[in-house]
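What follows is a single structure, written as structure tokens, with notes after it.
Chain naming follows the written order as A, B, C and D, and within any one chain the residues start at number 1.
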Amino acid sequence: MNLQNKRIDQDKFQAERQEVLKQWPTGGEVNFEEAISYHKAMPKHKIFAEKLAQAKAEGTTLAQPRAGVALLNEHIELLRYLQDEGGADLLPSTIDSYTRQNRYHEAEKGIEESRIAGRSMLNGFPAVNHGVAACRKVVESVNSPCQLRHGTPDARLLSEIALAGGYSDNEGGGISYNIPYAKSVSLEQTIKDWQYVDRLVGMYEEHGVRINREPFGPLTGTLVPPCVSHSVAIVEALLAAEQGVRSITLGYGQCGNLIQDVAALQTLTELGAEYLERFGYKDVMLTSVFHQWMGGFPQDESQAFGVISWGAATAALAKATKVIVKTPHEAVGIPTKEANAAGIKATKQVLNMLRDQSLPETAELLLEKEMIKAETRAIIDKMLELGDGDIAVGTVRGFQAGVIDVPFAPSRHNAGKILPARDTKGAVRFLDHGNLPFNKEILEFHNQKIGERGLEEGRVPSFQMVIDDIYAIGKGMLVGRPKK
Amino acid sequence: MNLQNKRIDQDKFQAERQEVLKQWPTGGEVNFEEAISYHKAMPKHKIFAEKLAQAKAEGTTLAQPRAGVALLNEHIELLRYLQDEGGADLLPSTIDSYTRQNRYHEAEKGIEESRIAGRSMLNGFPAVNHGVAACRKVVESVNSPCQLRHGTPDARLLSEIALAGGYSDNEGGGISYNIPYAKSVSLEQTIKDWQYVDRLVGMYEEHGVRINREPFGPLTGTLVPPCVSHSVAIVEALLAAEQGVRSITLGYGQCGNLIQDVAALQTLTELGAEYLERFGYKDVMLTSVFHQWMGGFPQDESQAFGVISWGAATAALAKATKVIVKTPHEAVGIPTKEANAAGIKATKQVLNMLRDQSLPETAELLLEKEMIKAETRAIIDKMLELGDGDIAVGTVRGFQAGVIDVPFAPSRHNAGKILPARDTKGAVRFLDHGNLPFNKEILEFHNQKIGERGLEEGRVPSFQMVIDDIYAIGKGMLVGRPKK
Amino acid sequence: MKNKTVVLGVIGADVHAVGNRVLDYAMSTAGFKVINIGVLASQEEFISAAIETGADFILVSSLYGHGEIDCRGLRDKCREAGIGEITMYVGGNLVVGKQDWGKVEKTFLEMGFDRAYPPGTMPDILLEHLAADLSK
Amino acid sequence: MKNKTVVLGVIGADVHAVGNRVLDYAMSTAGFKVINIGVLASQEEFISAAIETGADFILVSSLYGHGEIDCRGLRDKCREAGIGEITMYVGGNLVVGKQDWGKVEKTFLEMGFDRAYPPGTMPDILLEHLAADLSK
């Protein structure tokens, strides 16, 4: 395959760029030099990397919602509300699903239908259709940094427009925005397309404008074992660093067991630094993001507040740099601005009450950290081996071989062999590890944990147990116990 | 003083009893023998001590709301709603403030006004005015055990009526329902009156009916250091045991620092067992209750959900036998049944998600436990010394001497010399320990903690710092930092 | 339920795969022949799969909020393709936001679905209704 | 605020002492002479304290919900006692339950209070208003 983890050369990039900017009329609005000066004129408190660096230094956790609607003014009103009423520290623009699939015509249709219906018919903000000027209107209407949050396999045009539009952070990656978000797009393709996005960010960096990048940690959001999401996040960090990215936020989605979640968040940046170091990427600023439970939520709003608050508590105790907030409407539909603000307010109350507290280090915590590190190293090193030292190639071959495998992912290019399940304390373990390259010690650890669960429940661990765990939090539990 | 910690003799009790039952017409409805058989006919799942014992054995935490309104049918409807919609494991009848002050005429007026106004004009359920038959109607209308929750210095008649009415648990005590709930009533008087209540419970016990007793742990609910509430709770346990009580729930109100709260809850029952043992009270079943933050709440309902959920998380991690639930209306007014159920649902979601998790033992936790134990022993042993071995006498003299002292208490018989304040991690320490009989080591510990806080905030610890801490949670923080 | 065939898929630009996997498992275990066309399925894919397999049901999932836009015209396309009478269910988080279910259900029944299901519907309900409609 | 006197107390069967302590501290620090009759204070106690000290203000707190019942008739009693014109404020959690503040305020102003305050009012607001009413 003509893919490798190597910085795209300038001419090739510029050539490709001409094509990209032609994909939709608004691409014409992009002017890189002008964008650079636009960013340089932005006040520090509206630059993502600056605010993250400050939070990291102070050891505090920032709160960020998800939010996006079809129409520009409504979107601005929404973000302003989340900032003023909700007290959001960081702002998003969550992109609609047509744009994510580069279906700009359908997005256009959605915009019209929304105008007619008088309510958003799209599940996000169609930034490409709105264009650079509109994005700047958004950024200029708020007092906090804005991030592009999507789920786009090919985000080249979207990123060009949003960055030129003043956004200073961009979520995603060639793996994390393919495997959970696509069915048949090849990994070669999405890795290449995200190398383009990372290269673009690298160029901003080289021109003195720091854009933060955030691999999407939670993947399918459903019982994803830490080592799986860690491996993906770290690989994407390596790919980004190679293209010149210097500010990266590594992400992880809450599983629900406090010890495992804290261990996961701590190992995430520790492992990230370890691998960046190993490949000689100097002075990359690493921060962390903790996502409140990303799987099925309870429909009852009070119960949802319980899940949200527990996620906030874990984020604070783990000292995440930021936490992505869910809302009391999660199980039902895109939240109203009020419901969205409610989730932020509950979250910030807990973050503030716990800002001076942390989870003391214990034997249990150290064991979890050791296991996660061993598992993650096993996966990444195997990918490197398969790629003959090239992590881009290794990623593609790794997914083919199933040595990296994401549970419940829709992509054909994902083996889908592993089965996660909770142990007796709710930590996510492997019921079936598929082809993950684990040694005997790791496998015995997981077998023992899952075995205990089976014994406790008097049943043979099976897919039914997995299903019970998928539903558990939505039904007010963590571990999906069989009905008595 | 003619007060001592000695079981009331039968004749004296019966004589007093005639007087008590005459205090209000409904006293005439009380028939002890008949009440015994009524209780014996009750199914296990409606007996408080039974359900607590089961939870203790399983290591789970039960959720109980506060609730009470003026009129009988409305009260029943309220409890049913909290049981069915809220999923409450244990039910209360919170008594109105006139009844708490034995002002039955005003309570009667409140009942009438409520009938006219069509809404409850009383802040609780006036059980005395409603009488024995009405209480039984309540108990028979629900499927969970019912507890009497009040704040009554002289609860003799109220207890006679409620226990005859089928309630199987009674909150309060001669100290915990005097110092925070009265101004000039003497401790001799309330201790005597509660010896009567405990003796009554003892008689039920001797006739084969187990009634649980619960000293009111949180006291003034506002920055009460664990050793203060522990001392009161344990003294009341000793007084109760002497009168023949055999099932006791020791209570503690959340302070907000996880380590301190877990340490407090664990030491509470450990110290309780230690002292009961020391005075030879055998086979007393001890359980624990954790009260979600009892001080000023945030007015915003989403923020209140955050406080409620953090309390639930702490209760679960500390493995309390039950948790008393607050509501999103806390800062504003007596909750609607919907708001009350909402608090329970958020709480149970968190309890269920954490039921299989606990806080691992750490050096920090052990230190907190050691300090709380040393402080509590110092206080109780000093009271015993002052009472020449009699804890009833020692309590009265102890309060006179200020060797036991409750912050912000309205009672004239409380020294009111101590000042609590939070340390840099939010744990409640002594800014001024008044006359508490602490040794050098303990004092240095607190001075150091408060000193650190002062340094961090660049101000001399003073009453202003205490006020800032009083408001902190209501304003969305834990530690009341000075405005920058 | 032996040799009854169901076409299952998630319509439009929707990639929510978990519920799809669970429904597949539930129906297969119950004895149905499940043709799972997975996520990102177009109206055309549903119809051709149904024709090729002579399916008895088409089950459409839409979780991501665009269900209203994505499902319009599916019944007409079925008619044109000559399977106008096939029983069709739809379920998931059909519209954007928390809306009154009564209204939403009406919208989708009028679109030509035989049954529509609110968020978080459990598989056993689906199995019940499949059985009921088969015994008609 | 030198040598201006306020009578402060918590009315009825109410024992909430924390706010009372904070208000006392705030006003004393601001230079007021605070006569704090504490919790469980009857209407009579408020009035006699005000007469004995020639107070300029009566500040009534009610947190526990019975404020409506406890405060009725206080203004009349003041008149009877010959201090009918004294400035009276009331604040706290005045009624049972979360009710519309506009209505609640009206109720208490009609009862004869010069100012009424919703739950959670901060002391600085009180100090402002005391100053304002004094400079009248």
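Keep in mind that, in the parts below, contacts are C-beta pairs under 8 Å (C-beta built on N, C-alpha and C of every residue); 3 or more make two chains touch, one makes a residue touch a chain.
The structure presented is a predicted model; accordingly, all values stated were derived computationally and were not measured.
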Length of the shortest touching-chain route, chain B through to chain C: 2
Inter-centroid spacing, chain D versus chain A (mean Cα positions, whole Å): 55
Cα-centroid distance, chain C relative to chain D, in whole angstrom: 65
Distance between the centres, which are taken as Cα means, of chain D and chain B, whole angstrom: 30
Centre-to-centre distance between chain B and chain A (centres being mean Cα positions), rounded to whole Å: 45
Graph class of chain-chain contacts, one of line, ring, star, complete, other: line
Which chain pairs touch, all of them: A-B, A-C, B-D
Sites on chain C touched by chain A in the complex: 12-15, 17-18, 21-22, 25, 38-40, 64-66, 68-69, 93, 95-99, 119-120
List of chain B residues in touch with chain A within their complex: 256-259, 298, 300-310, 312-313, 317, 341-350, 352-357, 360-365, 424-426, 473, 476-479
Residues of chain B touching chain D in the complex: 97-98, 100-101, 103, 106, 109-110, 113, 119-123, 151, 180-183, 220, 222, 295-296, 299, 329, 331-336, 339, 408-410, 463, 467, 470, 474
